[in-house]
Every structure is written in C-alpha cells, then in structure tokens.
Amino acid sequence: MDPQRLRALLEDVQAGRATVDDTMAALRDLPFRALDFAHVDTHRHLRTGFPEVVLGTGKTPEQIAAILVELAKGGSTALATRVSPPAAAIVTARVPAARYLPVPRALVLGPTPAPDRGRGLIAIVSAGTADIPVAEEAALTAELAGNRVHRLFDVGVAGLHRLLAHRSEIDQAEVIVVVAGMEGALPSVVAGLLARPVIAVPTSVGYGANLGGFAALLSMLNSCAAGVAVVNIDNGFGAGQMAAMLNRKREQ
Amino acid sequence: MDPQRLRALLEDVQAGRATVDDTMAALRDLPFRALDFAHVDTHRHLRTGFPEVVLGTGKTPEQIAAILVELAKGGSTALATRVSPPAAAIVTARVPAARYLPVPRALVLGPTPAPDRGRGLIAIVSAGTADIPVAEEAALTAELAGNRVHRLFDVGVAGLHRLLAHRSEIDQAEVIVVVAGMEGALPSVVAGLLARPVIAVPTSVGYGANLGGFAALLSMLNSCAAGVAVVNIDNGFGAGQMAAMLNRKREQ
Amino acid sequence: MDPQRLRALLEDVQAGRATVDDTMAALRDLPFRALDFAHVDTHRHLRTGFPEVVLGTGKTPEQIAAILVELAKGGSTALATRVSPPAAAIVTARVPAARYLPVPRALVLGPTPAPDRGRGLIAIVSAGTADIPVAEEAALTAELAGNRVHRLFDVGVAGLHRLLAHRSEIDQAEVIVVVAGMEGALPSVVAGLLARPVIAVPTSVGYGANLGGFAALLSMLNSCAAGVAVVNIDNGFGAGQMAAMLNRKREQ
Amino acid sequence: MDPQRLRALLEDVQAGRATVDDTMAALRDLPFRALDFAHVDTHRHLRTGFPEVVLGTGKTPEQIAAILVELAKGGSTALATRVSPPAAAIVTARVPAARYLPVPRALVLGPTPAPDRGRGLIAIVSAGTADIPVAEEAALTAELAGNRVHRLFDVGVAGLHRLLAHRSEIDQAEVIVVVAGMEGALPSVVAGLLARPVIAVPTSVGYGANLGGFAALLSMLNSCAAGVAVVNIDNGFGAGQMAAMLNRKREQ
Amino acid sequence: MDPQRLRALLEDVQAGRATVDDTMAALRDLPFRALDFAHVDTHRHLRTGFPEVVLGTGKTPEQIAAILVELAKGGSTALATRVSPPAAAIVTARVPAARYLPVPRALVLGPTPAPDRGRGLIAIVSAGTADIPVAEEAALTAELAGNRVHRLFDVGVAGLHRLLAHRSEIDQAEVIVVVAGMEGALPSVVAGLLARPVIAVPTSVGYGANLGGFAALLSMLNSCAAGVAVVNIDNGFGAGQMAAMLNRKREQ
Amino acid sequence: MDPQRLRALLEDVQAGRATVDDTMAALRDLPFRALDFAHVDTHRHLRTGFPEVVLGTGKTPEQIAAILVELAKGGSTALATRVSPPAAAIVTARVPAARYLPVPRALVLGPTPAPDRGRGLIAIVSAGTADIPVAEEAALTAELAGNRVHRLFDVGVAGLHRLLAHRSEIDQAEVIVVVAGMEGALPSVVAGLLARPVIAVPTSVGYGANLGGFAALLSMLNSCAAGVAVVNIDNGFGAGQMAAMLNRKREQ
Amino acid sequence: MDPQRLRALLEDVQAGRATVDDTMAALRDLPFRALDFAHVDTHRHLRTGFPEVVLGTGKTPEQIAAILVELAKGGSTALATRVSPPAAAIVTARVPAARYLPVPRALVLGPTPAPDRGRGLIAIVSAGTADIPVAEEAALTAELAGNRVHRLFDVGVAGLHRLLAHRSEIDQAEVIVVVAGMEGALPSVVAGLLARPVIAVPTSVGYGANLGGFAALLSMLNSCAAGVAVVNIDNGFGAGQMAAMLNRKREQ
Amino acid sequence: MDPQRLRALLEDVQAGRATVDDTMAALRDLPFRALDFAHVDTHRHLRTGFPEVVLGTGKTPEQIAAILVELAKGGSTALATRVSPPAAAIVTARVPAARYLPVPRALVLGPTPAPDRGRGLIAIVSAGTADIPVAEEAALTAELAGNRVHRLFDVGVAGLHRLLAHRSEIDQAEVIVVVAGMEGALPSVVAGLLARPVIAVPTSVGYGANLGGFAALLSMLNSCAAGVAVVNIDNGFGAGQMAAMLNRKREQ
C-alpha cells in the first residue's frame, strides 16, 4: 500500500465518507502491504550508507552490467563481488563509471572515499598471501560503507612476531576482521592476545583435509579465546559489512 | 496492537481529535502489531481442526502437564509427542483427561474420533516392525486432524509381495505416507508401483553405516520414482500433519 | 505375457484342451509377465497427463534427440531437463518440433498449453535471482502436466515484505513450491505465515559452508513450521511433478 | 620476569654495575618473560569488567568449588557455566557465596547487578522454549559484564508476528543475540527485518537431520541477510561475551 | 489370492460359468495377489536351509520370546541376534529350547549341527580381540546355515606372521570373511596374499577418527586388492549369510 | 632369493661345505626374499586366468601404451580401464593389437572369448541408462576372466516389472552384480525377490544429496535383504572381478 | 616353524636323509612359518624396552586382570590404558603388583623408573585443564619406555605468554608432544615459535561444532607451520609411543 | 624495535638521561617489538639448513618468479612446490638458475646436493605408481634439507613381498615416510613389520568412497600399529620436512 492510499483511507474516515468499521476491515491486511510502501530495504541502505551489493557468482556479465546501469541511475554507491577479469572487462565496456579492482575481484560504482560513518577504526588482519583477496573484499566493503580500515596482512602463525609488533595499532580498532585459511588458528591467537572483538573469516586456502575451508571454519567456531564470531568461508564481503554495522556511529 | 487501540485511533481521526498525518505516523508500525491482535496462529489451528501440538522432547513432565492443563481449558484437541512412559504417568496423574498411547509414545487430549475433514483416505505404509512407532505417530496425527487412515505395516522390500497384494487399497489413497529405516528403499518402490504422491519418512532404525537414519534419508531424497517428498528422520508427526494438510477438504 | 497368450490359455481351459492344474502351473509366473503386457508405466503417463521426461544430464545430444524422436512418434508430450544451450542447438536441429527454454534449460515437445487437470492453483515461490532456473523447471513441469501456476520470484528473507504483500494470492494455492538456496529459510517462513502445504526445494546456490546446497537441504528438513516436505537439491522437476500429483483432479 | 628483576637490571646499568651490552643480552628474552610479569589476562579481565569464567563441563564439583574459592579470595565476579543441579548443590555447600541459576545452569559469584559498562542495550532473542537455557546463559554473561539486556523469547518462525510486534524495541539494541535450534532460520529473519548486527547462536535443539545443531549452524553461516556472525552450537556464553565486547563503552 | 480362489476361477471358465473376458479381468491383478499364495519368503528359507532370523535390537525380551515361540512351533531353526544377557535370561525362561551364546550375543533355536549344505569351507578371520563378537556372529550364522567354518582370530596387521603361518589352511576356503576395526587394513592384506574372495566386515572397534567404524568401512571399500566386497559395520550376521549363500551347493 | 641361490645353500650343507648353524643364519631372512623368487602375483594371474589390469586414471596415454606393450610381449590378456576416447586413440596407434570399447571406456588386449572357467552364469543387472558404462565394465571384466554373462539393463525401481519378467533367468545365476545410482534401491529389491547372492555396485549417477554416489552406497550397505555385499562407487571392474572369483570352478 | 624343525630339516639334508629337492619344497612355505619362530613382536618389545600395552576399552576387568597376570609372569613392564576407577579396583584386587594412576586412567605393572633409553628430552605441552588426562597418558607412556619427560600444561592460546616464558626449556626437547582440544591451534603455535618437531594430539574436549575432536584434528592436519604430524583423537598413548621411538638411542 | 633503539634506551639510563621508571615504561612493549629485531624465522631457516619454500598453488607464475628472484639474491636454497609444467616454463625463463623437476612438480634453486645434516637415513616408501609424485616431493624436500634418502616405491599391499624383500634396508632408517592412497593400509603394515617410526602421507589417489584421500587419512589415523603419525593428504613436502627435522643432527 502506498502512502497515498493510506492517506485516502484516513481522509475518508476523517470526512465521514467511511465508517470506522469499514476502515478497520480495510486496514486488516495493512501491515504487510504497508511494508511495501515503506520500501524498507531501499531506505535502509540509503539511510545507513551501505552500498548496494551484487553477488557476481552465477550472473552473466550482461546481467551484472544491467543491474549496475540501473543502480547508477539512482546514484547509488554499488559493489559487485566475485567478478572475474573477463567479466569485468565486458561490464566496464558497458558501464564506464564502474571501476574494477582485480585483487578483491570487485566492481565499484560511485564516489570514493565514502563519507566517514564509523565510530573508530576497523582492522583487517590476514594470515597468508593467498588470503589477501578475501581480506581485500572485506576492506573494500568496509571502506565503501564509510569506515577507516587498517590492513595488516601476511601475519600467520609462522609470522606471529609481526602481529605482536603491530599489537598497539590493532588494539585500537573497534573491531578486528581476521582472515585465515589452512588451520584457521589466527583468530584465536588474535583474540587471545588483544581485548577487541574479532570477526573471523575462514578461507578455502588449503588442500586435502582442509575440506574447502571447513577445517578453518570449525577451528574458528571452536575458538577457546573470548570474543570471536564467524562468517561463511571466503565471505570477506559479509565480514566487512558486519564490521561496518558494528562500527557505525549510532546517530546514523 | 489490539482492536480497541486501532478503533480508538480511527475514532480520533473521525472525530477530528487527531490529524491524518499524526494517525499515519501512528499506523506506521501497525502492520506488525496488528498481527498480534489477529492471533493468526491460534485462529488457524482452531479453524483448520489441527490439534495443538507439544513436542515432548526436552520438556519435564511438569512442563508438559502445565501446557496440557492450559490447552484443556480452551477445549483444544491436543497432542504431546515423544513422551516416555514414566513422564506420561506423571502427566496423566495431573491431567486425568489425557490418554497415553504407548506405541507412538503420545499423549492425547480431547474428543475422538475427530470430525472427518479429509477429501479421501491417507495410507500409512511402513517397512519393518521397528518402524511402527513412527508410523503410528503419523497415523495418530492424521486421525486427530480429522482424516481416515489406512495402515499397512511390515511390508519392507523383503515382504514386497504383501504390498503388491494390497495394491488396490493403497492406490485409492489421496496421499501415502511411507515409513522406512535401514536402506530406505520402500518409498521408491511404492512410488514406482503406484501413481499416488508419497510423503517419505526415514527412521533411525539401523546401525553402523545407517548413520542414525541418514542413509535412509539420502536414499529417499534421491528417489528415481516420481512423486516423493521427504520429512526429517523419525518425524512421523510432521508426515501426518503434511498428509492431513494435503488431504484437507478445500471448504475448510 | 501378452493378452493374446492369456486369452489362449483361458480359451484352452474353457474348451477342455487344458486341465485346470496345468493352467494353474502356467499361470504361476503370470503376475510378473502379465505386468509386461499391462505396460503400466506408459499407460500411467498417458492416463494421468504427465509428460514423458528425459533427464539430460549424462546423455549426449544425439541420445536426447533419438529419445525425443521416438517419443514424438507416439505423440507424447515430452520434457528433457538439464540440457545445455549447445546440446539444445544440436537436438533442435534434429527434432524441429522441440522448443528450447533457456532459463529452465529444458526442451519441450508437444502441444501447449496442456489441458487443465488440476483442482486448483500451484504457487511457485523462490528466494533469489539465482534460484529462478530451478523454480522455472518446477513451473514448467507443473504446467506441462496441466496445472495453472502462479509465480512469485525473488522474495527471499531480505525481501519478506514482498511475500507478505502477495500473501492472499499465495494462500489460495492448493500447494506451494518454495525454492531457496543459501540458508534455505524461506520454506519455513512461508509455511509459518500461510496454512498451505509446502514442497521445499533446496538449491545449490551459495558457497563455502553451503556445501553444495546441503545447508539449505538440512534447514528445510528441520523446519519448525507445519506442512513442509522436501525434495533433492536443485530438483525443480521433482517438486513440479509432486505438486502436480497433489493438485490432480481425482477423476483423472 | 617480575618487575623487581627488571628494575634491578635497569638500576645496575644506571649505576654502572653492568654494561649496556650485558644488559642487552639479559633483555634478549625479556619480551616473553615480561609478559609473565604483566599478568595480562588477569589485568584485562579486571580492567574490562568481564567476569572470570569456569567451563563446568568435564570438571568435578570439587574442582569447580576449589576454583571458585580461589576467585572469591580475589574478589572477582565469577561465572561457572554448564553446571548440573547435583554438582551445583555440592559447590554451594562449599562456597556459600555462590548462587545457582537453574535455567542457564550457571553458578554466579560476586555482587550484582554489575556496574553499567555498555554503550547501549543488548537484545537476546530466542526461537523455541527449548532454546531458553542457551539464551539465558547469553543474557547472564552479558549482564555480569555490565550490560542492560532486553529478552524476547519464544519468537520462532511460527510466531513471527510476536517478533514484528516488538520490532521497535529490538531495533534500538546495539547488537542482537539470536538463539535458535531446528532449522535456525530466525537470525536471517531478524537481520532481514532490522538494521542491527546479529550474533547468531545455533542450538542443539532438534533431532534426526538436525545433526546435533549442525543444520542450524550451517543455516546461520549461509544467511543471505546482512550483518550476521555465528558462534559455536549452544555457546550462549560466547555470544554473551561477544555482545558485551561489542557494546563496551570505549573509555573502559 | 489363495490357490482355491484361482482354482475356482479356472473351474468356472472351464465349466462355462464365466466368460474368458470376465476371467481375464479378474486375473488382471493376479500377479501380485498370487505372490501371496506362493509364500515366497517362507518357502525360500525352508528350501535353502537358512535359519529364521530375529534382529534383537529395538525389541523387548517379550517380543523376542513371542517370535521364537512362534518359530519353535513350526520347527524352524531360528537365530536371534544382538540380544543382551539380561534380555536373554528373560527369553530363555520363556523359551527353554533356546540356547544363549554370550560371545556373539545370540539366541539359537533348533537342532545343531545343521546338515552340511556347503560346497567347501568358510574361513572367518578377525583382527583384534574386540572384533571377536562380530566374527563369532558371522561364524554362528554360517554354521546354522549348514557350513563348515574355520576360525582364525586375532591376526591383525601387528600379528601378520600368524596369518602367514596359517596361509595354506585359509587358502582352501571357498570364501573368507575378514572382520576388522580400527584402520580396517586386514581384508586388503588377506586379499593381497591369497587368491580367495573376501567378504569384509568393518567393526566399530576404535575411537576418535574411527567415526564408529566408518574409517574401517571406507578403508575396505577402497581396497586396492582384488576380490573384496563389504557389508555394513558390525554386520557379522550379514557376512555369515552372504558367505553361506556363496558356499551353497547348487543342487539345494 | 632366487631358486639357484637356495639350491646352492642346500647343496653346500649337503656337501659339508657349510654348517647347519651358518645355513640357519643364512635362511633367517629367507621367507621374504623367497617370496620374490615365487613371483606370486604374476603366477596367480596366469594360473587363474584373470587378465592383467591397468587402471587408466592418472596415467598418460604414453604410460598406458608402454604397459600394454610390455604385457603384450608376455602374451597376457590385459584390460585397461577408465581410458578416455582421445587417450585410447593414442594408445591404439601404438599398440594395434589393443581394441577399444567405448561404452565401458576400456582397452582390451588378447584373444577373446576367454576359455570358460566359471561354474555357472554371472548376471549383471543395472538400473538406469546412465549406469550402463559401469555395468559394462563389470561384464567385460567377468567375460575376460572366462565367465558367461547375462546382461539385464535398465530395470530400475520404476521399471520393476521388467525385472520380474526376467526373474527366472536371473535366478539361475551363480551370483548377481547389481549396478545402480540415485537412491540405490535396486540391489535390495533384487536380493529380496531372488535367492541368489548380490554384489552391489553404487554409481555416481545423480546430483545434489546423492553426494557423488554416497547415497546409493549407504543404501546398499544398509540393505535389509539377505545376501548383499558392496564394492566402491563406480567400481564395475571390482564387482566383475569379485563375481569371477566367486564363480570360478574350484579345480582351477 | 620352530627352530628345531628347521634344524632337523637341515640336518637331514646334511646327513643325506633328504634330497635337496625335497628340502626346497619343504622350505617353500618357510618364510611365513619362520616368522612364527622369530617371535618378532615379542622380541621387538623386549629389545626396545617398550612396555606391553593393553587397551582397556571394551575389555572386562577380569580380562584385563588375566592379561596382566600373564604379563607379570614374564616380568614385562606393562601398561593398561583407558581403565575406569571401578575396573581398576577389581584389577588391583587380583593383581596387587599393579598400580593405578587415576589422571591418565592407567594401570602400570613393573619397576619404575625405567632405565633411560632416550637421546634427549621429550616435552609434553597441553592446552587446557581438560586435556591433562590425555597429556598424562602420553607422558606415562614415554616414561615407561625410558624417557625423561618435561611437562608444560595449561598453556593454551589464551595463556600464550606462559608458553613463551618457558620457550627455552621446551626448545631443548628432541620432540614435543602437543595436546589440545577445542580449536586445536596450539600445535601450530608451538611449531611456529620453536624449531622442534611436534607430535600433535587432538582431544575430544569441546562441544557442538567440535564434532568430538574432529575440529581440532582437522586444524592440526592443516597446520601451516613446519614439522607437525598428527595422531588419532585422544590418543595420548600413541603420541607417547611415537615420541619414544623418535627419541630412542640408536644403539638400542 | 631494532637493536639501535634498545641500545639508545640503555645508554640513556646509563648516562642518567632517563629514569629507571621511564625506561621500564618504554620497555613494557619491548618483548613483541624485540622479536622483530631478532628476525627469528629467517635466522632459523638459515641456521637449520632448511630451504625456503614457496607453495605454488594459487600463485601466478609471475609471483613465483618474483619470489624466487628475491630468494636467489640472498643465496638461499629454495623450493617451490605444486608448480605446473606451463607455469614452470614461465618461471625458468625468468629465473634461469631454477631447475624444474616434473615428477614432484617442483622448482629448485641453489646448490645440490645439500651438505649432509642428518643423523641417518630417511626411507621413503610408496604404495602405487600414482603415489610417486607425492613420494618424490617428500624425498626432494628431505634431500634439500641435507638428508640421505632411500626410495622404495610401488610396494603396496598387493606387492607386499617386495617390501619384505627390502626389509633390512628400510629397517636401518631413522624414520620412514610411507605414502599411500586408496585404502591407505601400507603405513600400518610397515609399522607392524618394522620397529622404526613412520610418518604416514595419505594421497588423493582413488575414487568414489575414497573421498579425495579421506579414506586413506582416516585409515592411517586409526592404525593399530605402534609409531605412526600422519600429515595432510598429498602433503609430501610436510612429511619430508618433518622427517628432516626428526633426522637432524643435534649439533646443528
């Protein structure tokens, strides 16, 4: 139900053109239809500054391009994730305003940097070189949502001293996103050393008993350290979005 | 939001005590609160004739008794599933109107037989002796919801001729619930021989590579025969309820 | 055993050319051979109006074409599922009467629309854009079997208000097919909001801990809502067929 | 290394009793030993106001009592989780200051309520009655860490209207803990309706294909809604602690 | 359909009391009903000498006793497997003719030894002491079916020399049943050393990554040696029965 | 140790050129070295008539060709399995005596038909069209080992009447190989209807919850029918070899 | 074949009582029988100083006592693992020389300390309090085999500083056994910080997505640090034995 | 913190330019920064003689080349694993000093043979032809780290006599690496026959119920033989490195 329809109903009862009983009957199904008029999802995105997101997996370049064209009309900041380089080439030929970032394999549309909407800093920590694309997807997502991001990459368990050396910087973050594949021990180590909440992202980096990232996922879910919550394997976007929601200034 | 509150809002705008704009703001959250006044779930159960259901697992006998006492006040037909004999003894001591059926391990409250609400017959077919409790839970659920039930038990793959011998009776059912553990082949065989839709119920009967009923569950999900849909392991109640919904006369 | 052979046996005993004992011995194995003469499967399909179905997976285009040619001779309505566009091009070059539908990736043979054989409406509800091919396979299957289908796509949990807005239409369906990947929550939500039986179809849409659709499958099997039964991952055809059997007018 | 030892080393070099080179050698291993003197973990808990926690599983009542006696000496607020009623009776006989809360199955030591240390409100939402113990463990943990908690229990998918009715209250929380077993759909629905971050807690409530809570866990990890991170099955404590860390006032 | 009914039909058509067409219609469903008159399963057991078998799991002692009483009337040799000592005590009190064998946890009814029905010898080889109950269940089953059995127990991989020392005896068996838990390597070793077919029985002996016998089961299914087929975990009965069928003299 | 070396040792002690003690020391390690001289594996194959087998998976066409050239020198009958058509083209160009069979994807070397070495008939029964390559691999293996094979393909649960129609032929086999994918119900049905031992072969035909053939595998392992043993998924070769070993005339 | 039989054979050929050909035939099967006379396993244990081991799981106290009595006769040092306190009470009543150690749940027979047979030190490091029984089983096993053991318990990821504080001691071990449950991160951290080989022991300590220790097992198998090998879940005995074999002085 | 900074701090306190208290505060974070100056990881590799290792999976040829160029500058011996032939061609074009070994699919940089750093011999035993690449990766890794390696390939369970024939050579190794796919029985057999510690490497060689090497992995973890520890599937590098660490002369 659109607002005009609701206003009409209320004006009718105000003017005596409809009885209270009839209006109550008309409103009986309002809750659901009224949601439609609220355009909740759209408004939430605009209000909170989160970018519109297109999951590239399983879409043709033509479909991605069409969606981005549509979003560009509305002036939205938009993010398309999991876009291969050849697909990106096709899309950017059709949507010149879109920029392709090859490491996180993402297409971005709209002005950057985004206005700062965060209470503090988001730290993104990753274990191995092969985890960087997922970490960058998280960082990009957080930045597009208006957050300052501190990156600390390649500090896996075998390079623990590097993490320790940067402890004080990381310890000032509002929330830490920790990205790791293989055995997935890094989030436990980070949460054990620092007193900041950790969003853990398992990656599918590994082989054999890694089970496509399941070993790291289980490791993170069973962390004996305080303050660890986990997102899906390779879900850098989800971690970045969660971190952005956690870091959001309340007045927004 | 209760109806009185809605009526008051409308009377206010009708009487000029509130503006249309203020009322619109007040109604903005109406959809959800209004659901509360609709008492949808309760009304649906009363309207459709499905019994109120209490899942006994994880509840103390005292909790089950308390819920049944409450339901008895409202005159509902009620069903408590997965109640052990000792728990049932405690409950029936407190709720004398409740009757315990040891095979499906269920407590029943309210008048039986229920009025007939079905288009046709529901057939309940089971494979082995150990599958009977699950099959009886399905049958009881369907009967309490007002259906005529035809039972055909102990007709596993090793007793296929018995199923064949009763083919014509089963073939007249609106829907067939097929209960089987072990390898779970029976739903495929039934659906292959007859032209009626099958609700398949895997049971946890078996051992070793049965994986607590998972072997039967997977077998049923992969059925190469037409017209098979599956419910959770040992979920006789769910199958009986689904069958009852499928068999329900439309005018109800 | 063909009917002529059976008739001959009976005429022999009628005419005194064979004894009752000999005829009984001859008939001992009749049941199974007689099945052959009944052509049960073929007759069932013709009688019920279900199309002949070819699972395209693992067949060469040549094999699919050969089968469709054979079915076209008999005048059957036929459906080949899971056919890739290049394979379809080869088949349609050989079987010009076959039409290819790229979204459900299906080849169709025979007159459409099929005569109406349903009691009521089948609703097909799907969650995300990527679930549409499976949803369309379900819809196509149901339509070819003579059902009216109401499609409501792209109403996942994040777009719940859209589902609510169309609640009354969906609530009139005889049965609702709900297609969802990722976390597979939609069938539970639909069954919780409406009082109609739900055939749930998990899809393999997702990644990581989605386990190729297993997460959605398990979610649907464990639904706490009443009236949900589940088919195999991505099995739009099976759901459409089950829905058609459930919606079939009894006199057929 | 204790502070006295460090001070002595520095005083020696200051007084000329040791050379810079010798002192550098002595300090070479300092970092690790120095950690010992810092008593980091202990200090962190005291500083942040988090209670000391004892996981009761696998410990004898005597062991739990001994640890609580030790913590009581230091004046710590302490929490022992997963304590059965008989074990609690033994502990409270020895540690009279400990109070047992039977629903979350927890022993608490120290003054309550804890001083308020949170930025805002933590909402704890749960699906079924059987999920309440886990939800109460989360709530208790958050409260002991100095947070205001809003409980909203028994609002599963089948009671969605209740959640909707309380939407505005929940929407004001800094973070929402959502506890659900069975199919685990509730966190997706909550995150889809509200714009607040969700810590999802799967529970082991269910049977069969629930796989001891794994179905709910996978469902939550695959949530298609924005802003969901997940902790281990039945880990109410971990969710409460994560929520408390996320809600902590920065100046603490 | 019982034979009398069939005879009556044929006599009617012989005597001209029924037409050929009517009789054909009456015979249309004969195949399946006729199976009932053939009493296939019962006859097969009697004809082949296999004992009647009662799976004790999930049955009360009273149920087991009732079934054995029934079978004793018919003079069948009967075997009840997976019967605990307390249950056996109750059964033997009611069925004095039943003998309990504590190692294979089986009740036996009927004359022993059974008449020899085998072509040759069945060897039963087992790995560890804890595998003996399963091995004895296999041996007992084979013996009751009329086979000579050669037992060779406790010859796991760590005791390979014992197997080698008895190689020539085992090599004369028609078929070898190999029972092993833990890593399940023994069937591969036996099949690699000897040229006889092996029925492999994984047991649930082990812990941790043994997964209740699944490790041994997978090991056996992946055997790189020629001539290994596998039955369910702990299924000594099934292996004994399979071996007996393979060893059966053809004229039986 | 070759025979000459053994003979020399014995002649030395016979001639007094060596003491008994020295010879005992020299013989201490004999058992293992002597195995080398026995060439057990080679002799067993030659003696039993089983073909030499090359698993084509993971080998280059050049490697397959080299092995076949080597075997051709010795006059062996040889079988290479899992050879793709392009690989086969390369091999046959180098080994003209090798013949490629595209359905079982196998290369064969040596005279056919092999001399009859079986006691009786081996039946190969398969469920769907897509299972035929595995079934043909089993049939080919059995035939090369000197067995008469009766094929009965495409008799899945949906075509049960065809199996029943051919019951008497199949019932005369010494052993029945049953090949099925999807839900894997066929071996249970065959074993339930006939009194012959069944070697069950699950195939990877299917999708989704089929888990690459695991659903069929588990179904077969849990068969409630007597006389079923199982080999690895898609292991037609193993089933054919097992059947050949079971059917082998004892005098061989 | 015992040595007397071999000697007799050789004396016969020496004395001309047997021909070389006959003796060669008699020796043909020697290799395997000769193994019997070598009593390899027994000798290996005596020679290497490893204790005889009895896995208590699945044995009655009477069986354990009988085995220990037997071993006591031979003067062996013996170890029975996984013995519950009540079982131990029964055994020690019968075998007074046996001592029960309640933490590792082990019975020990024979003189202690064992003579030192190690090259260096074995370090046993464990994560949580609940991991101590497994760690003590490893330590006891290593000590009984003649090794000096350095224990460092309760140094999980949350107590990393304690591990670091004891780094230099641990770094002197020949091999480090690391025992951890939950997320199993400790072996990776230890191997990352030190340059010593690590035998990792996952424990079943944990709940939910721990999967009975599988999460820790997978984590350890996927360790990104150098020098980690893994034993079965809770297999303290196996780790202790492996460490002892690795630490053994070569001259033994 | 670099040494200069530490020296300056100490000189300041020595010279009276800083107080002890200020210096203590400055040193508070030293431990972690000091680790940075120690360059532990780099030094450990140089000191121990282990080569620098690059995991080729997931890196472009350009990235591998760049890393090798960097390492070549420092004069390191380097190893890149899992490099495909086309990638190797690109790398060697850019880094002419790198040599490609096609069987282990590895690139090697630096002088060979490496100086001998081992106490004794490392034996590498493998089961089938397809396991050789993994076995060669283990052998190469051990050799680059300065070990003498004895290879014994193609001695699977079906060729057990070959292993036995080479028993005495293998028995002299300090540690044995055993590589096997399929059922993974070989490590158990080797450890059962010999008294040397075994590092077991499961490979992904196999199909169907092999589960990508998981069957072999589980088999090895459950080995009933003494002295077996396991690394990840296909992890030849890890096994070679572990063996090298175990074989390292202590004075290094």
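Every chain is named by a letter (A, B, C, D, E, F, G and H) in the order it is written, and numbering of its residues begins at 1.
Here, a contact is a pair of C-beta atoms (placed from the backbone, for glycine too) under 8 Å apart; a residue touches a chain by one contact, two chains touch by 3 or more.
Not measured: the values here are computed from a predicted model.
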| item | value |
| --- | --- |
| Contacts common to subunit A and subunit G (chain labels) | D, H |
| Co-neighbours of subunit G and subunit C - touch as defined | A, D, E, F |
| CA centroid of subunit B to CA centroid of subunit D, Å | 38 |
| Intercentroid distance (Cα basis), subunit F paired with subunit D, Å | 59 |
| Approximate Å spacing (C-alpha centroids) for the pair subunit D, subunit E | 54 |
| Touching two or more other chains - residues of subunit A | 31-33, 35, 38, 40, 158, 164, 208-210, 214, 217, 221-222, 226, 232 |
| Interchain contacts (touch definition) - all pairs | A-B, A-C, A-D, A-G, A-H, B-C, B-D, B-E, B-F, C-D, C-E, C-F, D-G, D-H, E-F, E-G, E-H, F-G, F-H, G-H |
| Complex contacts: residues of subunit E adjacent to subunit H | 127-128, 156-160, 182-185, 188-189, 192-193, 206, 208-211, 214-216, 218-226 |
| In the complex, subunit H residues that touch subunit D | 3, 6-7, 10-11, 13-14, 16, 20, 23-24, 27-28, 30-35, 38 |
| Touching residues on subunit A, where the partner in the complex is subunit D | 31, 40, 44, 48, 50, 119-120, 164, 174-175, 195-197, 199, 217, 221-222, 226-232, 238-239, 241-242, 245-246, 250 |
| Of subunit B, residues touching subunit E in the complex | 129-130, 158-162, 164-165, 167-168, 205, 207-210 |
| Residue ranges of subunit H touching subunit A (in the complex, touch as defined) | 29, 31-33, 35-36, 38, 40-41, 57-59, 202, 204, 212-214, 217, 232-235 |
